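Shared between the two complexes below is subunit A, which pairs with subunit B and subunit C, respectively.
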Partner chain A sequence: MKSSSIVFLAAFIALSASWGGFVLAPQLQLGRADQTKTVPAEEKYPLARPGLAQQGAEVYRSLGCVYCHSQQVGQNGVKVEVVLLDAGTNADNTISALAKVNAQLGKPENFIGLPKKLTEVADIGAADSIVKAVTESGGKIEVNVIPTGADISRGWGKRRTVAQDFIYDSVVQPGTRRAGPDLANVGSRLADANWQLRHLYAPQAEIKGSTMPAYRFLFEKRKVGKVTSADALKLTGEFAPPAGFEIVPTDDARALVAYLLSLHAEAPLFESPVTPPPAPAASTNTTIVAVRAEIKNYTASELLSVEGTAK
Partner chain B sequence: MTATPPTSPSKIDSSCRLPLFALFGGAAVWLVLSSLFGLAASMTFHKPSMFADCAMFSYGRAYPAWSHLLVYGFAIPSGLGVGLWLLARLGRVELAKPFLIAVGAKLWHLGVLVGLVAISAGQTSGYEWFELPRYAAVILFLAFVLMAIWAFVTYSRRPEKSLYPSQWFVLASLFWFPWILSTAVLLLQFFPVRGVVQVAVAWWFAGNLLNVWLTLSGLAVTFYLLPKLTERPLQSHYLALFVFWTVLIFGSWTGIPMHSPLPAWMSTLSSAATVMMIVPALAIVTIVIKTCCGANKPCGGGPLCYSKFGAWCLVLATFVAAIAACPAVARVTDFTWFTHGHTTLRLYGFFAMTMFGAIYYILPRISGVAICPRRIKGHFWLAMLGALLLALPMIGAGIKQGLKLADANVPFLDTAKAAMMGFRMGTLGELLIAIGSLIFLANILLSIVTYYRAMAKTAYADAIAIQLTGVKP
Partner chain C sequence: MNADPKQSCSVASEAEPTATMTPMPVWILGLMFTLLFLGAWYFDLYGGWFEAKVYAPYSSVADVQRFQPKKGGIADTLARGRKLYADNCAVCHMETGVGNPANGCPPLVDSEWVKSPSPTRMIMLISKGLAGPITVNGKVWNSGVMLAVGDSLPGDEKEKAEKIAAIATYVRFQFGKIEVETKPAQALTIRESIKDRTANFTEADLLKVEP
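Up next, the complex of A and B:
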């Protein structure tokens, strides 16, 4: 290579190509993604996190939680189950219609003890002929899409995490390492705010042998006044503070827990279907109220009514 | 431009002195600090509650401080310093505006310091390999541009018109960094893009930084030092050109892991590019073997040892990354310590080692002070063992962890504990690296101090002479 202009040309072409591919293209494809509707319930998704949880996201970033915790559930594939709910008024008709689709399905014993799982097929399309046969002969049938994979079996989520789950987050932190468990749905999995606080203060108190570091600097150790504070952690054994002292969460700890409890990424979406849909999680706002209520030893309904009057 | 007569090497070296002292000295200080943070981070795995009352050293802050100091504190300034020297020496021209480059170097170190304070105080940006907040990133950008401008001016003033492969690599690296850094700063920090596009930009940046910038900057040294030290010609320029093109073309598409919330085409493309990086790696193998083979030069723990070891680590890291990019393997290794292992191999094993070799080669030339070969050799063994002990056990631990993660019947805690043996070895490696870095710092500071002491002595003798005789000598 004699001329230096070729060096710059080479570098320019290579870099602008990859810039176009990995910066510009995803921006064009996903940069304007907006709130969508869940399938089939048609609820808005995702909802913006409430204020305290948004502050908590900043605490999550600032503490570098992402170096040990991912927020993306993977799935290997889906299992499609065909469940017969009702054979219809003329069961014989349904039986013969199903037998035409597949001799195995048309056996009369399949029709005892409904609802009953008829079969598993590879994908939703493969279930179409069965659904058609049953509905045309007056029966009721349901097709359930159940994602599979190690993460799902661990209970980390009901479906894989998709781009839509992150559109209201900034900084987006999906994580690349699992020194600790995935947190994409920790708000559904471990929804007890007091447990979360105690776990942050002393992980080993809640999970024996846990490798997670303790975050004692998020709590305040102070002398008990005339009465124990309502939000003092209820710790026992070796983790309990010395007599006359109590452990109280700081604002950062409360915000972080509010954020953790706001992590739900399991709504069934078009690109990542799950049926039957998981039991609807309490709307995030109610969750936050519940968090604050539990910390303050109020019931959620009391706090809601108090906040309602304040407005 | 009129052709100026070639300048003597010693004059070129002395023109590089001021900026290179600033770049190398600072890099050595950051390297020592980085290994201390690395030690603190790895201690968390031995005693989880060790820093429970000290936010600054908690894992989530010590780890980014480690990577920030290693990449922005040590790797980039040392790569820049060596690159500047190569441009001046190969172009047979004195460095343009050494003072301004030294100012740029100081500004860069200031940016690194601001970044470190910010990360320790919890102001981290939250993107891996790009932890510094925007005010620190802007300082780094300005400092880099200031240095790069005078590097280009030096290059354009060169009387030696024919180009040597190392020059392509340095020039491309000078062009690459401001582009990727400005993209990351603008699209992540000033005008953040929406949702997972942030992830795409951050991974694109990290891939280009670790797999392209470091490779370009390190190979510039390898392709210069190997022929110099073995006293044989580079075998061959065409292969080096081939490496240059393939690293640019494939390297710039790496960095996106298979498991991601991004569209599948992106991770597929990135995996393919990571596998294709085997092509330049094989060419590097050929170059190293053909250039060194037959040269009867014992490396004796000197710069040649560092360069060779660095090149082999690059090849190894590239192969390991390529294997892990295959979907069947990625299913096991993604989300584990495996990735950390081969990135460390690239950072310490390849880049840091190559830079140590280059600095030990350049420093005596610019300061006129010889470095004790035993200290260079001692550093070599410590750094080599440290890099291997840090990287290889993590790769093994990652596989073990990944196999357990993939089996939902294994409780999660067991998967986390599967990596424990790797951490124990890794801490030992980190300790060796820390001791090695201290020796490195001592070697550099001794050279600089000895140089200035000699200068002061001469100045003092001159002053006395003037006082006694009244005549300027």
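Up next, the complex of A and C:
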């Protein structure tokens, strides 16, 4: 063949270009990603999974959960909410300052019932002039950055999923199909381990019309001994075991649930800014104080009065 | 096998194909430039110069930077203070600030010590700890000793002052409803004045200081 060297060269260039694009470039781009800090709380993110959850990731993989569940939340855009917290000591001053920025905002009725959402803008630059006008006239204002998109409005997450969320996964399982809901944030959405166990045993018991298959083989049906096991599932109706039997999760079920509860792709990161929710208000509930007051330490004599185990 | 071998030769054979250089058609050149243009245009819109920190809907690092939650305000200090409180204080005073009567740890919620007009006493208390009983809202609490949490925080003197200021800001805001940021400089000055003290404070010591 006369032009074998040209054919070889063309094949080499084509293959190396795709290798460079699919392997080398992502490696250069993300290969050195390491634990970072959230913004602005500066907490470490992500944290390594606890051991049981690490095993659960393998169970998740072996059961093929990834074929029906994705772990990637999409985001189409971002909206910026401007919330007026306080009009300041001279409210008229604030009103006229706001009216200069935007006649719609500088209306006295906007200042009733604070804190109140003043406006929603698409670009943060538009919020800056409002913030400047209010703070200069002594008022207090808050700017909330809120990601938007179909997945976020479904409640599947607070922000888009980014590469940082997966850096500790040895097999990254973002999934390709959504026969079931996205699980990127399931540990925050459905944080009840008992609910998760019941749902794995009988999905239709928890969600009517669910198409998820039941994972009964992750549970053991056994005769009740002297007392019912503490971790027996509390099932009712058609899914309840016959009298004298109980349904107990196996180690695999426990590991899988630990893994599901470890999925929290919601920390505010630099690459995916989102205003974190405000800290929950302090409990001034006096009943908590009252209940706590009843807790008394044991004394040595009380402990000695209990029948000893060592004889 | 009775076919006449000569018959196949009767069809005139076509000319032998040869590999020669021919100029590229102009339309391919045009298509290539159009694709290149479209590619560059798309990259400019969505590429973000292959930055690992740039995702849609943002187009550059500067763009992402603009959307960051604002730093340096009281909200930022509160977020840090909340974390520090959870790590260092919540063991005894509880996450909700209700205290732990079983151990004699006083509540912080609505405590007159927390609602004190200046954070001076709180900074002293966090820095060096407290020994003996303390009266909170008319009730005497005695946990024996509150450790010198402030002195044991990691970091140099400046970092400690920053952390103590963040804790004080959070506690005063969350449990005393006082929305005033305690500045690190304030904590630094107070800590400087008590730096030689090795013993814990007592309630009497704190009451000598202006609230």
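Operating definition for what follows: the second predicted complex is superposed on the first by the 274 of 311 C-alpha atoms of A that agree within 3 Å, B and C clash if a C-alpha of one lies under 4 Å from a C-alpha of the other, contacts with A are read in each partner's own complex, and residues count from 1 in each chain.
One rule holds for everything that comes next: contacts are C-beta pairs under 8 Å (C-beta built on N, C-alpha and C of every residue); 3 or more make two chains touch, one makes a residue touch a chain.
Remember, it's a predicted structure, so these values are computed and weren't measured experimentally.
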For this session: Mind working out whether A:91 is in touch with subunit B, subunit C, both or neither, as first, second, both or neither?
Result: neither
Exercise. Looking at the overlay, does A:33 come into contact with subunit B only (first), subunit C only (second), both, or neither?
Worked result: both
Exercise. Looking at the overlay, does A:190 come into contact with subunit B only (first), subunit C only (second), both, or neither?
Worked result: neither
Exercise. Given the touch rule stated above, what does A:75 touch, subunit B (first), subunit C (second), both, or neither?
Worked result: second
For this session: Return first, second, both or neither, reflecting whether A:163 touches subunit B, subunit C, both chains, or no partner chain.
Result: both
For this session: In the overlay, answer first, second, both or neither for which of subunit B and subunit C A:126 touches.
Result: neither
Exercise. Is A:83 touching the first partner subunit B, the second partner subunit C, both, or neither of them?
Worked result: neither
Exercise. Looking at subunit A, does subunit B or subunit C touch a larger number of its residues?
Worked result: B
Exercise. Where does A:235 make contact in the superposed view: on subunit B (first), on subunit C (second), on both, or on neither?
Worked result: neither
Seminar exercise, completed: Residue overlap on subunit A between the subunit B interface and the subunit C interface 2, 29-30, 33, 162-163
Exercise. Which positions of subunit C touch subunit A when the two form their complex?
Worked result: 19, 50, 52-57, 64, 66-71, 75-76, 78-80, 82-83, 94, 96-103, 107, 109-110, 174-175
Problem set entry | Residue ranges of subunit B in contact with subunit A within the complex | 44-45, 48-55, 58-61, 63-64, 122-128, 155, 162-163, 167-168, 171-172, 175-176, 179-180, 183, 187-188, 192-201, 203-204, 208, 241, 244-245, 248-249, 252-253, 255-257, 259-263, 266, 269-270, 334-337, 339-340, 405-408, 412-413, 415-417, 419
Problem set entry | Residues of subunit A defined as touching subunit B within the complex | 1-2, 4, 7-8, 10-12, 14-15, 17-19, 21-23, 26-27, 29-33, 61-68, 70, 72, 74, 150-151, 153-154, 161-181, 202-204, 207, 209-217
Problem set entry | Of subunit A, residues touching subunit C in the complex | 2-3, 25, 29-30, 33, 39-43, 75-78, 80, 124-125, 142-143, 145, 160, 162-163, 268, 270-276, 279, 281-284, 288-289, 292-293, 295-297
